[in-house]
Amino acid sequence: MVQSLVSGVLTGSLYAMIGVGLTVVFGVMRIINLAHGELVMLGMYGAFWGLTLWKLDPFVSILLWTPLMFLVGMLVYRFLLQAIIPGGELNTLLYTAGLSLLIANLALFVWTGDYRTIKLPYAMLPMRPFGIAVPIPLAIAFGLAILITGALYFFLTRTDLGRAIRATSQNPEAAALMGVAVDRISMITFGLGSALAGAAGVLLAPSLYLYPTVGEILISKCFVIVVLGGLGSVSGAIAGGVLLGLVESLGAVYVSVAYKDTIGFVIFLLVLLFRPSGLLGVAKS
Amino acid sequence: MSLLSVHDLSKDFGGLHAVSHLSFSVEGGEILGLIGPNGAGKTTVFNLITGFTSPTAGEIGLNGTRLVGLKPHAITQRGVARTFQIVKPFRKLSVRENVTLAAFMRLPARRDAEAEATRVLDQVGLSAKVESAAADLTLAEQKRLEIARALATRPHLLLLDEPMGGLNPTEVEDASALVMRIRDAGITVVLVEHVMRAIMRISDRVVVIHHGEKIADGSPDQVVRNPEVIAAYLGERVG
Amino acid sequence: MRRAVAAGTIGVVLAIPFLTTNQFLVHLGITVLMWTVLGTAWNLLGGYAGQVSFGHATFFGVGAYTMMILYLKLGLAPWYGMVLGGIVGALVSLPIGLICFRLRGPYFSLATLAVAEIVRLVALNWEALTSGPVGLLITTLPQVSVGSRSVNWESKVPFYYLVAILAVGAMLATYGFSRSRLGAYLLAIREDEDTAESIGIDTVRAKVTTLAFSAFLAGVAGGFYGMYFRYVDPDAVFPIALSVEMVFIAVVGGLATVAGPIIGAIFLVTVSELFRERFLVGHLIFYGLCMMLAIRYLPEGIWGGIRRAFTTYVAAKRS
């Protein structure tokens, strides 16, 4: 039982990081980025190629990939999304659906659909604190995820830029009137969301099978998290991520391995119907 | 029996009492003005009557039948139509299509609905613009389109939410005349307005709301001299 | 004038099997027509009503499985099973609609995605009913005669005609739909749902009814799929990718138009098949790219763009 809880929390923290990236973007721009899963996938492959080609440990190469993904995110916003957003929420949703398909299949084309794994020499055996098996890469990932999320929290609450982002998230018009360059903030926020996704991907890579269409499953889980926690709420996404991790972990043990993915979706539907604002946040338009 | 009766109506949004124990009635064939300082709760009253939000407490009756709990389309089907403070035309559709859609409720066949739409658009004076896209109309024309759309549902009771807002004096005159023509055709009108001159001139009776409560109910002359009403408006300006 | 074009097109479509013996082309035609039915089905809800569903594969899959199960376990002929597949699809859409239509815009889309995934997972795991990941297989189709000749199920031609009839029927239904009161109501709902309610439109009933029609068409297409490909498994008929492709075909072809889906299907399927010939994988790159380009530059889709160009041309000639 404790084993399940621990696994759940560890995985959940990584889900949370992915969810935070998505929710932050929604909060500021009111767009649901369906390509978010692909950004995680790119991070995962970044870790893989970093190790395979340059012998870089993923937990080191994360320092390279995170800023790179930040840049990629900003470019995607500036040159692709910025023109689409005025067309409305649904158009943007469809556009990101197209983008998602494009990135996933380009990856499929270039890197083939073969399943890849990352094998780290120090990660062969799990640690066993108090008799609970904890895979080392997951533990390190958990630690770094907490660090990164903590840094994000600090950034959002203590820096001027962070506050500008939160202001825009609450009320874009008021923020604009107060001199906030909303387009620039949106671009930075999208970069931030992408960086978080990419970083989560790098951290997840040693613990999951890599294949180009993994984004599909990840984005589905991401929705569950983000809706559970309330679209736009960072703390909600964190809570939602950990909760999903726990639900899946416990569900696999106590309900059935087969239906464990279903549980997440059923909860998702229930939350959407009965508490659309999630545990915190905004929803029905 | 009154056409519309609102009894002890209350609506709270969190801690805010938007409407508080409000009671008034609307008699058939009259033009009732609903006025009050900004934020007094007038649009909320309309939203409550038309089913867009549900009351925290109280009753709303139309000819004796309960309106509370019905969905907006059902209330429209019972003969209550409204316009919106910020006009909401179907922008990409033509003026005629906008009104035809409303006429469909009583006339399911397209030909009949379109004929009715043409008739109503003539009534409000938009015949020249039937083919234009709704988005291409001036504000005054869009306000008339709103009214035409509401009229096409053949209401007994028409709720107009600031139909003269943003109009110049000539347009206000035209709108006032239109409202009176509508009443003369047999439709009861409740009118929310800030343009005092107009509403005082055309209303048979006026109800004043302040902080969600009724503070006066009488003829325009009576209401204008009511000290509480004066305080409410002056108080707003000074404070 | 438009009717002549439509009739002409239908004539060409029906004549194709006589114009070529190339089985690959006939197969391509069948695929295009099947996707036309799917695109048309989605278009009713997504194009006219503006409710973007990412879960339409649910109805396709339900139709396919209904047909398969009724044939393999009860011996009901596939063509009846196909129609029943549509009906079951429509029935299934009722609770789904009642749940999902409480939500608006992107939240509705996400909910349909969740429902589709739940159904897929149930189909994957409820082995007693669906044989799970193993899937269901038809080895022989029943003997039947049209007129005096017995139908040769080994040839692609009877399938071509079957799906062509479905496609033409779907498009005619869309045409009738678009001119009906319900069709007009849907456009209002798409523009502004609250205002639509205020003029007496029962928006929930309109959406649920439209979804039922849409699900019926998708279910019938599913039944056809089972007959033609003879093998059905959860990942073939319930995946998110299938739902998304339906969206693409309707969007790229032209939302809320009768001809949009067939144009979209021709365009996307043809190019992706050619792509697949040369490169094997990655044809979906093309789908993604086209979707992005369409939303950015041609939001009314290819057909919408053609129509606009045509009216501009006509207007220019007049002046």
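Each chain carries a letter (A, B and C) given by its place in the written order, and its residues are counted from 1.
We take it that contacts are C-beta pairs under 8 Å (C-beta built on N, C-alpha and C of every residue); 3 or more make two chains touch, one makes a residue touch a chain.
All of these numbers come straight from a predicted model, not from anything done at the bench.
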Legend entry - Smallest number of contact steps required from chain A to reach chain B: 2
Legend entry - By mean Cα position, the chain sitting nearest the middle: C
Inset, instruction - Could you work out which chain's C-alpha centre is the most distant one from the centre of chain C? - result: B
Legend entry - Pair joined by more contacting C-beta pairs (A-C or B-C): A-C
Inset, instruction - Determine the centre-to-centre distance between chain A and chain B, using the mean Cα coordinates as centres, and give it in whole Å. - result: 48
Inset, instruction - Report, in whole Å, the distance between the mean C-alpha point of chain A and the mean C-alpha point of chain C. - result: 32
Legend entry - For chain B paired with chain C, centre-to-centre distance based on mean C-alpha positions, whole Å: 44
Inset, instruction - Could you pull out which chain A residues touch chain C in their complex? - result: 32, 80, 83-84, 87, 89-91, 93-95, 97-106, 108-109, 112-113, 216, 220, 223-224, 227, 256, 258-259, 261-262, 265-266, 268-269, 272-273, 276, 283-285
Inset, instruction - Within their complex, state which residues of chain C touch chain A. - result: 50, 52, 54, 99, 102-107, 109-111, 113-115, 117-118, 121-122, 124-125, 240-241, 244, 247-248, 251, 279, 281-285, 287-292, 295-296, 299
Inset, instruction - Could you please specify the touching residues of chain C with respect to chain B in the complex? - result: 179, 181, 184-185, 187-188, 191-192, 194-204
Legend entry - Residue ranges of chain B touching chain C (in the complex, touch as defined): 50, 52, 71-74, 76-77, 81-82, 84, 88, 90-93, 97, 100-102, 104-105, 108, 110, 113, 149-150, 152-153
